[in-house]
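So, here's a batch of structures to check.
Look for chain A in each of the two complexes below; its partner is chain B in the first and chain C in the second.
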Partner chain A sequence: MVTIFTTDFFFSIFRIATPILFATLAAVIGEKGGVSNIGLEGIMMISALFGSLTAYWTQSWFIGLLIALIVGCGVALLMGFFAFNLKTDIILTGTAVNMIGSGGTLFLVKVITQATEGKSLASTTSLITKSLQIPSWNIPLISSIPVLGKVISGHSILTYLAFLLVWLTWVLLYRTPLGLNIRSVGENPNAASSVGVSVLKIRYITIAITGVLAGFGGAYMSMYYAMGWSLDMVAGRGFIALAAQAMGAGEPLGSMFAALIFGFAQALGIKISAMGVDSNLVAPIPYIVTIISLVIFAVVQRNNEKKRHSAEALQK
Partner chain B sequence: MNKLFKALISLALVAGLTACGSGDSGSSSGNGAAASGNVRNVAYLVNGNLGDKSFFDSAKSGLDELEAAGRITLNTIEMGGTDSDKPKWLSTLYEVSDSGEYDLIICGTYQMPDNLKEVAEAYPDQKYLIFDDDTYAGEDANVVNIVYKQNDLGYIVGTFAGSMTLDTSLDGINADKVIGFVGGYDSPVINDFMIGYITGAQSVDPDIKVDVRYTSDYVDTAKAKEYGASMINDSKCDIIWGVAGNAGNGAAEAILEAGNGWFIGVDSDQELTFSSDLAAITLTSGLKNVGNSLVWVFDEWDAGNEYFGQKVSLGIAEGGVGIVTDKNYDKYASDDTKALVEAAINNVNSGDVVVPSAFDANGNENAQTVRDSVRP
Partner chain C sequence: MSEEYVIQMNGITKVYPNGVVANQDVEFNVRKGEIHALMGENGAGKSTLMKMLFGLEQPTSGEIKVNGEVVNLSSPTVAISKGIGMVHQHFMLVPSLTVAENMVLGMVPTTSGFLIDGKKAVEITEEYSKKFNLPVDANARVADIPVGMKQKVEILKALVRGAKILILDEPTAVLTTQETTELFHELKNLKNQGYTLIFISHKLNEIMEITDRMTILRGGRSMGVYNTSEVDEEKISRLMVGRDVVLTVEKEKAAPSDTVLKVRDLEYVNEWGKKMLNKVSFNVRKGEILGIAGVEGNGQKELVDMLFGFNTPNAGTIEVNGEQTLGMNQHQLRERHVSLVPEDRMLYGIAADGSIEENILSDRCADPRFNKGILFDMNAIHEESDRLIKDYTVLCKSRDQKVGMLSGGNIQKVVVAREFSNSPQLIIADQPTRGIDVGATEFIRKKLVELSRSGIAVLLVSADLNEVMELSDSLIIMCGGEISAYFEDTSELSDEMMGRYMLGIAHQTPEEIRRVCHE
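Entry: the complex of A and B
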């Protein structure tokens, strides 16, 4: 008999939520700055590939992580160049990046590593040993607390960073001049421009930040969660992040809870499969949770808006 | 410089001519000798490169064996596996078919059927063999499709895993008689592996439970890792067989992270393709012996049995499937286990044991019923 709510269940919620959280924070900052970066999935794939390959070449996970961030930032800036300077539709640009993230990484890995297909699909798993993975951290005192320690301690250092970044994202958006500029450009670019803010510069900064955050997500996927890059390994987490951003009302803290709900849903699905429920019923659980959450969110938002409208009407 | 170049060109041309000449004579003698079961000319087209430590190398070793025995002349052409090489696959097939030099042209994997179908229909007199694919099986009278019996393979692996999980003297093996199986989808192909696995394990000890999970995915390694972790923590699995493409490797990563338990690979010898950490926890791999299957085809051909226009499923009896028995298998398996595995192979060979298949009538439903009855 399987008990669902064990320590490893709660532990796995954080492990599952981390890559979604990185991408969600990217989506939050992007939306605030009026830059709809739907290419997060593709950026994660590309960062995942270069992160794990660089870790192998340099035999250092740290340099691999750095390169993953740089590559993520670079791809995002390239998207920005197409969208802002060449005036392409940013949604289409994002779609293109997502396609590159799937087919392009496969092409690159074959050119770079000469991996041939055989029956098995291409991956860099054969190159990666445990020492090239981003380490996890057993927090000294907390790890000895009976139940809580097993849930909180022992995660990847990126997991702790992700939750720290929730706070940092909030600070950036609401407590710094740059954050004010990002929000004003997102809210009304003309107004921002009229007071001397360089809209183009702020947009580039915004999309670069989304790229770095997605780069963290990609590095987590290939350098901690799985050993090495493999085809389509991000498997829709970049898209789930867009839903999480919407569910969290575009705010860092709300989006964090949304990402945790996804982690909870998938962890629950896995526990339920342990009880012998048909896999065809288990597989859609995360997506059903998404739809239900989005409906709840939409209803709540509509009610809030109604209240605000009536409040505004009273003031007039 | 120029002169040297010309000289080289003419040399190459002459060499080419002589090669053609010898090829032609070889072909005629081959055709003449075919009746008496002698040397055949074979072209092996690799849609990738040799050195994959998997299907391509396996096929080559089988063909090398035949060549060394003087039964075939072999021309191996590596066409390359990158996207930029793909257009070459079709043109090479056409070229080799057009030359008319070969009694049999061999290729394989799921990437080739479309190319092969086109060419096979353009050259109805040329004979072809494709291994590990049955996309267009039976559609062309000059093509034989070789596939492998997953249920037989599952039976050997299951016997091995069932015996190993009882051997608590080995590190990482716990007292619970539970083994695991991570599949791609709840589909007949995967369930064919699974039913063999369960049957094999229960032949060792009927009390052995099998935890079966499906990732519903062949790419999400991380999800498979979560399933693997749950199998280890919730069901106390100590051996997991991963049959889910790339995603299956996630189960191996879960075992590595948990620090106890063992993984079993599939299709090719994954101990060779994994990095050192993962290879160290991989006990063995269920093999599709492409090389043996090709030797079997030539044995049959020489005996007057031709299978062109058909799909041939090869199992243990034909040597089409097997299990890796060196490296970690040799190191960790007890003599009892090795004897059990050998006995299982012999029993299937002799027909004493008939492994159920998910492809039988109602086979998939039966497999699902059995699966639910052995859940831990």
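Entry: the complex of A and C
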């Protein structure tokens, strides 16, 4: 046991949880606004690709990141256009984006690299060098604290941003007029529009935010975590995020803990397979954790509801 | 004299894209500071007219003046800016937000332009609440407050947006008697402060009580404007339905015979541990209508659920024609000739997207009369559904029309046509005329009496006092999950007496109540 739970292991939980956390926050805001964006997985894939390509072309991780966000936002807005204006089913629209994120990106990367590099590449891993990696940050003072320093210092700047965004998401949803509008549109669009809130505008803003957050996740994947885009590299993180959102009861803080649980499960899987256990046995761990935690969550929530109801009944 | 009108709708015609003429050349003028009733049956065009006044729909032709000025009410936002507010029948509130947050939605006060000023929102709410004497709990979540308070929030929401003219769309439909009294008091209060109120309703007694004048619509046309003090209920119903509605249903004295439904000692504790039914016992006999009166929420809903197999009691027995039916599903009950006119017609009564034909015969698709081999006999089905549509005077374009597109009264007629035509021996009618127009109400009530006189046992559950008292041959009153009184003859009953039993002030002795078991 001691050999598993090392400082490296705990460090890796945060590293692994970061992209899930970005996508989870996107899911949280989307659900609050009544815009179920199940296309987060696809958006992350597309952002990851364009982020890494742009970083290579401009030789700047920052411009790469920026483009990843813009592309994420753009894809999300396009989803919005289909779902809100053309009235397609948003679940189907999200499914389409996920399929494009898988097959379409591979097609694109081959076509684009054929044109720019003269040979068609199936991934951008050869293009992203160490200098294009999103920088890490050794937190002064904290990094010198034994154990704790090794766990929480030295992460990508995006990791710190992700955790900061948990708080910002909460502020946005519960302390700003925009957040109030998002929640009201998500819960009762008629009520919102009856007092002059533009439901369409709020929905577009909501889905754009989910796109930007997924864009962060995508950029982190291809420009920090994996150093380059490759086929299906997001590997279900967009879907796990939806589960984390549900587990966290749709609240930013709760969903963050859920994302960390998934990070823990994946880190555990990696560690165990590194110890020589057949990786086929280890690979399902995160998904088993997903199912188990969703069950636990559902049971706990049902019990809470029962308690609340009986409390209410007593008051009557 | 036009200056005295705050609202003038002149020559309003509304034709929907599908060709339905909802309003035709309607005149609707409201004086400043009055309570003006807009009356009419379901489908008479009241809602459409008010939607145009609140900017939700635009008239095909005609003009609208507010305070003498011609306006183009292109959206609710414009209507609000002209001082028009609407209290919708289905509340436009966000349940998870607090009362204060709902109040300020769309006009949120901020600190430094970025963060919500929650304190200010509460202040505003409390200020208006006090000013108009409409007490609400500013910090409570809307999901947790009672219906009556939700309505107050809706009214305050309109007032805080500067409304001087309030449209109230059937505001009492969701309220208890006590809440209604309270609301009327508040409305009169608003009137005294110079506000103008438009009151949509089809409850005659309420109109008589609270309004100054009324405009009556029938079939999309205006039937004139009247001073409330100068018309009586008979005249209003004549104008609304174009004939004299006999609001008292004629019926011969019942001659009950064998017991059909026998309920004994039914007990039910709901999932939150509250006892909803306590030792409920009664019989319903052939040829009689047994009414169940009571304030809603006193076990009536639970009782009906038990009787029609939607729920299981903790103790007790239910027999239909001597056979134990507890634990049977709806299909088995129907095979034993039990029919249900459910309280919630949209959820349990019909499939809104299905056609009239599909809905009107949905309980008998396995009937050999309508099948040829493995396929439906469409000719027989068409014939039977056309017959039912005609017999039950369902107003529709054809049997293929979607049920959900009909007016409430006609939807209920479809439900009733199905439930009454499958040779029932026991009919459970739960709020059979709730929220439907006078014509359909009269039709359904007459039909119930007619069926009972032909030897069918009818159990009538209704929160409408008039209805239970008019239709029932004998009556039980439920209070707190118990039968608090049984009256063998309803003709001797007064409202006050019933009220005492309904509110639990009076309670008959177990022996008196036991008489309903006819043992």
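As a convention for this text, the second predicted complex is superposed on the first by the 296 of 316 C-alpha atoms of A that agree within 3 Å, B and C clash if a C-alpha of one lies under 4 Å from a C-alpha of the other, contacts with A are read in each partner's own complex, and residues count from 1 in each chain.
Keep this in mind: a contact is a pair of C-beta atoms (placed from the backbone, for glycine too) under 8 Å apart; a residue touches a chain by one contact, two chains touch by 3 or more.
Predicted model, so just to flag it, every value in this text is computed and none were measured.
Engineer: Any idea whether chain B or chain C touches more of chain A?
Structural biologist: Partner touching more chain A residues in the overlay: B.
Engineer: By the touch definition at the top of the document, which applies to A:Ser293: first (chain B), second (chain C), both, or neither?
Structural biologist: neither
Engineer: Between chain B (first) and chain C (second), which does A:Thr54 come into contact with in this model arrangement: first, second, both, or neither?
Structural biologist: In the superposition, A:Thr54 contacts neither chain B nor chain C.
Engineer: Applying the document's definition of touch, where does A:Thr24 land relative to chain B and chain C: first, second, both, or neither?
Structural biologist: neither
Engineer: Considering only touches as defined above, state whether A:Arg183 meets chain B (first), chain C (second), both or neither.
Structural biologist: So A:Arg183 only meets chain C here.
Engineer: With the two structures laid over each other on chain A, which partner does A:Val197 touch: chain B (first), chain C (second), both, or neither?
Structural biologist: second
Engineer: Scan A:Ile128 for contacts with chain B and chain C and give back first, second, both or neither.
Structural biologist: Touch status of A:Ile128: first partner only.
Engineer: Classify the contacts of A:Met233 with the two partner chains as first (chain B alone), second (chain C alone), both, or neither.
Structural biologist: first
Engineer: Pick out the shared contact residues on chain A: the ones touching chain B in one complex and chain C in the other.
Structural biologist: After superposing on chain A, no chain A residue contacts both chain B and chain C.
Engineer: What residues of chain A sit close enough to touch chain B in their complex?
Structural biologist: Those residues of chain A that touch chain B are 2, 6, 8, 12, 15-16, 19, 106-107, 110-111, 114-121, 123, 125-130, 221, 225-228, 230-233, 235, 266-267, 270-271, 273-274, 276, 278-280, 282-283.
Engineer: Which part of chain A faces chain C closely enough to touch in the complex?
Structural biologist: Residues 171, 175-177, 179-181, 183-184, 187-188, 190-197, 306, 309-310, 312-313, 316.
Engineer: Using the touch definition up top, name the residues of chain C that touch chain A in the complex.
Structural biologist: My answer: residues 76-77, 80, 86, 88, 91-97, 101-102, 105-108, 110, 114-116, 157, 161, 270-274.
Engineer: Note which residues of chain B are touching chain A in the complex, please.
Structural biologist: The touching residues are 47-49, 51-52, 54-56, 81-83, 109-111, 132, 185-186, 211, 213-214, 216-223, 225-227, 229-231, 233-235, 245-246, 249-250, 253, 256, 267-268, 273-278, 372, 375.
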